[in-house]
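Two complexes come next, and they have one chain in common, chain A, joined by chain B in the first and chain C in the second.
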Partner chain A sequence: MTRRKASWLVWLRRFTQAAFVLLFIAVFLQAQYQPVNQTGRHVKLFFLLDPFVLISSWLASHTVASGLLFSLLPLGFTFIFGRWFCGWVCPFGSLHNLLSSWSGQTTKVKIATGGYSRWQKTKYYLLLVLLVSSLFGLNLAGWFDPFSVLYRSTATVLYPAVNDGLKSLFGWIYQADPGLGPLKVTSVSEPVYEFLRRTVLPAAQPYFYGTALVAVFFFAVILLNFYRARFWCRYICPLGALLGIAGKNPLIQIERSSELCNQCGLCVANCQGAADPHVPGSWKPAECFYCWNCHSECPKRAVSIGLHLTRGAK
Partner chain B sequence: MKVPATLRWLLHFFRPPQPQRLDLGRRSLLLAGAAGVGSTLLVRTSAQGEGHTFNPELIRPPGSVAEDEFLGKCIRCGECMKVCPTNAIHPAVTEGGIAGLWTPVLKMKLGYCDYECNLCSQVCPTQAIQDTALEEKQRIRIGTAFFDRNRCLPWASARACIVCEEHCPTPKKAIWFQDVQVITPDGNNLSVKQPHVNPDLCIGCGICQNKCPITDERGVYVTSVGETRNPGNQALLDSGDG
Partner chain C sequence: MHNSRREFLKTCAKIGAAMQLGELAPSESLGAEMPALSIAHYRSSPLATDAIAEEARRLTQEAIHALGGIGRFIAKGDVVWVKPNIGWNRIPEQAATTNPDVVATLVSLCHQAGARRVIVSDNPCNPPVACFARSGIQLAAQKAGADCFVMDDRKFRKTSLRGKALPEWELYGDALEINKFINVPIVKQHSSCKATLGMKNLMGVAGGQRNRFHQDLTNTLVDLAAFIRPTLVVMDAVRVLTANGPVGGNLADVKRRDIVAAGTDQVAIDAYGATLLDYKPQEIGYVVEGNARGLGTIDFESLKPRRIEL
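For the complex of A and B:
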């Protein structure tokens, strides 16, 4: 069984994901004293697209930071078209997507484990727990909000670690100064390091208290991708749950043709959300990220994705 | 009811072609709701919740709203921690109780609140740290400094030191000196300036603590008392000079 080349729609999705990841990194780096006491309001961009933050903070404090109202746009979009946000926009989702693709699980295993599991309901219950506590004035949304987890972990763990690592690496090169005769490695490494320091690295090494806990949480979530693809998105993410509820009956639907299907299982093996595209009539839009893998992988072109309007409704 | 053809697609949301039920189960939903209520009550009854006690180390960024409201708004995203130019803001572990895990607290040993900066209030997405103009922020008190007379050099060791006063950024310095004759270990007289904090002027920025040359346990330190955002966490009944 040769692997089919991914369709152009899958490539469009990957490109979009990469663009949003780069955007996340760009606005992350912009959040600094640069070198005046002014950062653009765009540095909190991703939180402004997060309806979970909007709802939990409104429930808990009965006020809303006006910028958060932007998040009604993705919510409305999801209501009409489905949970595309998770598959195409969310940078945390894209990180899980990338790591899942490195899990090295065989197609056989993925077919066996790739179907819908009732444990995927956990995220809806978690969402409810968090929203109910918000209603009672305690906003714990940030423990599980995907953008909060990603930003917090990047700011206090990954970014300091990357800076420290690069400092050590370039410091070692500078000390050792390996080279061939007159050709010195430092004549390349030093300008590179200088460039990085001017563009993406912090002015001073950041240090944070209590990062062990942040790191353990983050890496546990990350490593779970090797157990099930996009574990976080399928089982935990409360924003995903909110968007799943909003998008449980979208206009864009996936259909599988029983005539063309040869039951090979490639669609379910590559389904990121375990949304069961392979079982007739049981595709679950609330779990679907619209990654188009089922459509792209199907050797028989049995999966179709498209507008699905009610015709001749009584 | 006859629906015009142009609007028929709207019916989709009410009568889906294939009903896609999201069956979460009534019992499980009730359990989850109860868990939400239960966890809230559990966290609230902890001694550090909701301002029954005030943790001296729970120093929030300037512009932060009162603690109850803060825990309702803060999403622990870390924007303030990233943006702080002095690396003063850290994710809380125990300072704010269970409910405060990963909310921002200032650690003056690693950083201090820069007088000319209000970036944390600019980046906070939920207004847990309210967007305040710089001039306004410069009057917000996030805590109050205290001298540890057992460690501060002019107090404890008969040595001259004025580092804290030199760094104090308020227009009228919040640290003032008393000239005192002390006896050195050699038995000589020495005139030193023993520092005091004027709690009416101190804004708790922590630069004194940050710059104090006693590197491990500082001779001056900031605690949260007197913070503008919490009317309950005040030490002073009245200002000294009326």
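For the complex of A and C:
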């Protein structure tokens, strides 16, 4: 079976995701003590988009950090249009998206396992536990908030690992100084390393206690993508749960035409959120990331996505 | 990674070249009219930040001018390491780090003399990023066009020093790649060797387990001084830390001396620096040892220092 070419909408999503991942990296690099300009100004950008942090911190502290009110924008957007945030904006989601596309599962397996599972409710219970805990003054949001997890893992595991790796490699070249006569490897490697050191690598690498725990947690949720696509987003993410509740009955809905459908199952095989686009009348907007894969993959053009102004009148 | 003898000799040749222009040149080729030590003093002791900056700038310029100008030390195309004390996470007012305007003025002077590249760097004791920022040196040096960035810890190389206390040690790679070295210490009281002066400031070129230096600071510092042999020493005594050094912190320990001294004899300038802390030069171990090893003279007055009042 040849793979269908992805539609332009899927490409638009991928570009948007890439842009937000790059934005995350740029913002992340700002979030260190810089020699002259101090810490960059936009370091909390992604948290400002995070209504889960807004609600949990409000419940725990009885105050609202005014900047976080900005997160009502994505929340409101989700109420009207659905859970696009997870599919198009969230950089952690995009990472899971990328990893699950490398899972190598056959279409047959994906059709068998790609449907909705009751276990996806776990994230709603987790959200409930975290919010109740916040209500009693114990704000544990940071343990499971996707941006917190991504920032923490990047700052304490990924970034130091990359830095140490490059430092060892270029350090070895510098100390050994290999070359042929006057032609030295260092005449290339030193400017390259110096450039990296002054742009993207940390001026001084801090190390952290408890990094192993962070690493195990991070790589566990990353590897779970090989078991189920976007495992974290489907089963764990409390922000996804919150947006799922908000986007339970959005204006934009997916519909499957029973006349055109030949029950091939390609839509569910490629569904990132296990939102059951293949089951008539039971597509689950709260689980859908609006990735357009079902629409793009359908050989019969049986899946349509469009405005449904008659909300709730099914 | 031990340096081979061949590399050691190569290094000696480079350092020797620096020496020719620095220490030995005045007495041999340039004659007696070139002084080996100059002391610039600012009569008024201004309090405004801008006025102190102007003071530091003028003192530095005049001290260098009195030695015969920067052209005596820096030639076109030179790669210069200006080595201030950036050892601590302190602001300039706390006088634990070299005055940033003294550093910036030297950078500008080097550029005027045609230096190809001026590096301003140090291996601090406190976290380096904070030290570079808080001391004000990074900003001032970069504004003056220097390459000032925290050290790259890959670049410490085991280097043969053949010293009494240091047969070999990890030195920063740049120390062997530059051709001019300007040591820019600040005068401070020091809890274990009485005074932090020029030779003490050279510790910032070394890496590794530097705490071991304190077992025998006297010989260690003279070993470093004998190996590095700065082209020029410019000593900042605009503010002097008179107690609780070398870290300080308490502004009450800082006294104004309003002096910048410059010289080519690193023992003599340290001997003079000791007097600014009311020590006799003979009380400072590494000054005595430097004199004994023939690195310079402890009797700085014998050099007939040129004194400038501004």
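Convention: the second predicted complex is superposed on the first by the 292 of 314 C-alpha atoms of A that agree within 3 Å, B and C clash if a C-alpha of one lies under 4 Å from a C-alpha of the other, contacts with A are read in each partner's own complex, and residues count from 1 in each chain.
Operating definition for what follows: a residue touches a chain if its C-beta (ideal position, glycine included) is under 8 Å from a C-beta of that chain, and two chains touch if they have at least 3 such contacts.
Just so you know, these numbers come straight off a predicted model, no measurement behind them.
Participant: Go through the superposed model and pick first if A:G171 touches only chain B, second if only chain C, both, or neither.
Facilitator: second
Participant: For A:A246, select first, second, both or neither according to whether it touches chain B, chain C, the two together, or no partner.
Facilitator: neither
Participant: Touching A:A274 in the superposition: chain B (first), chain C (second), both, neither?
Facilitator: After superposition on chain A, A:A274 lies in contact with neither partner.
Participant: If you stack the two complexes on chain A, which partner ends up touching A:L128: first (chain B), second (chain C), both, or neither?
Facilitator: After superposing on A, A:L128 lies in contact with chain B but is clear of chain C.
Participant: Quick one: is A:L95 in contact with chain B, with chain C, with both, or with neither? Answer first, second, both or neither.
Facilitator: After superposing on A, A:L95 lies clear of both chain B and chain C.
Participant: Touching A:A141, do we find chain B (first), chain C (second), both, or neither?
Facilitator: first
Participant: So, does A:A204 touch the first partner chain B, the second partner chain C, both, or neither?
Facilitator: both
Participant: Per the overlay, which chain contacts more chain A residues, chain B or chain C?
Facilitator: Here the partner covering more residues of chain A is B.
Participant: Could you list which residues of chain A make contact with chain B in one structure and with chain C in the other?
Facilitator: Of chain A, residues 33, 38, 203-204 contact chain B in one complex and chain C in the other.
Participant: Please name which positions on chain A make contact with chain C in the complex.
Facilitator: Those residues of chain A that touch chain C are 33-36, 38, 167, 170-171, 174-176, 193-194, 197-198, 203-204.
Participant: Using the touch definition from the top, list the residues of chain C that touch chain A in their complex.
Facilitator: On the chain C side, the touching residues are 1, 127-130, 132-133, 138-139, 142, 149-150, 152-155, 157, 173.
Participant: Write out the stretch or stretches of chain B touching chain A in their complex.
Facilitator: 3, 8-9, 11-13, 15-18, 20-22, 24-25, 28-29, 31-33, 35-37, 39-41, 43-44, 68-69, 71-79, 81-83, 85, 87, 90-93, 99, 101-103, 107, 110, 116-119, 122-127, 134
Participant: Hey, which residues of chain A end up touching chain B in the complex?
Facilitator: Spelled out, the residues of chain A in touch with chain B are 28, 31-33, 37-39, 41, 43-44, 47-48, 53, 56-57, 60-61, 63, 65, 67-68, 79, 121, 124-126, 128-143, 145, 147-148, 151-156, 159, 203-204, 206-211, 213-214, 244-245, 248-249, 251, 253, 281, 283-286, 308-311, 313.
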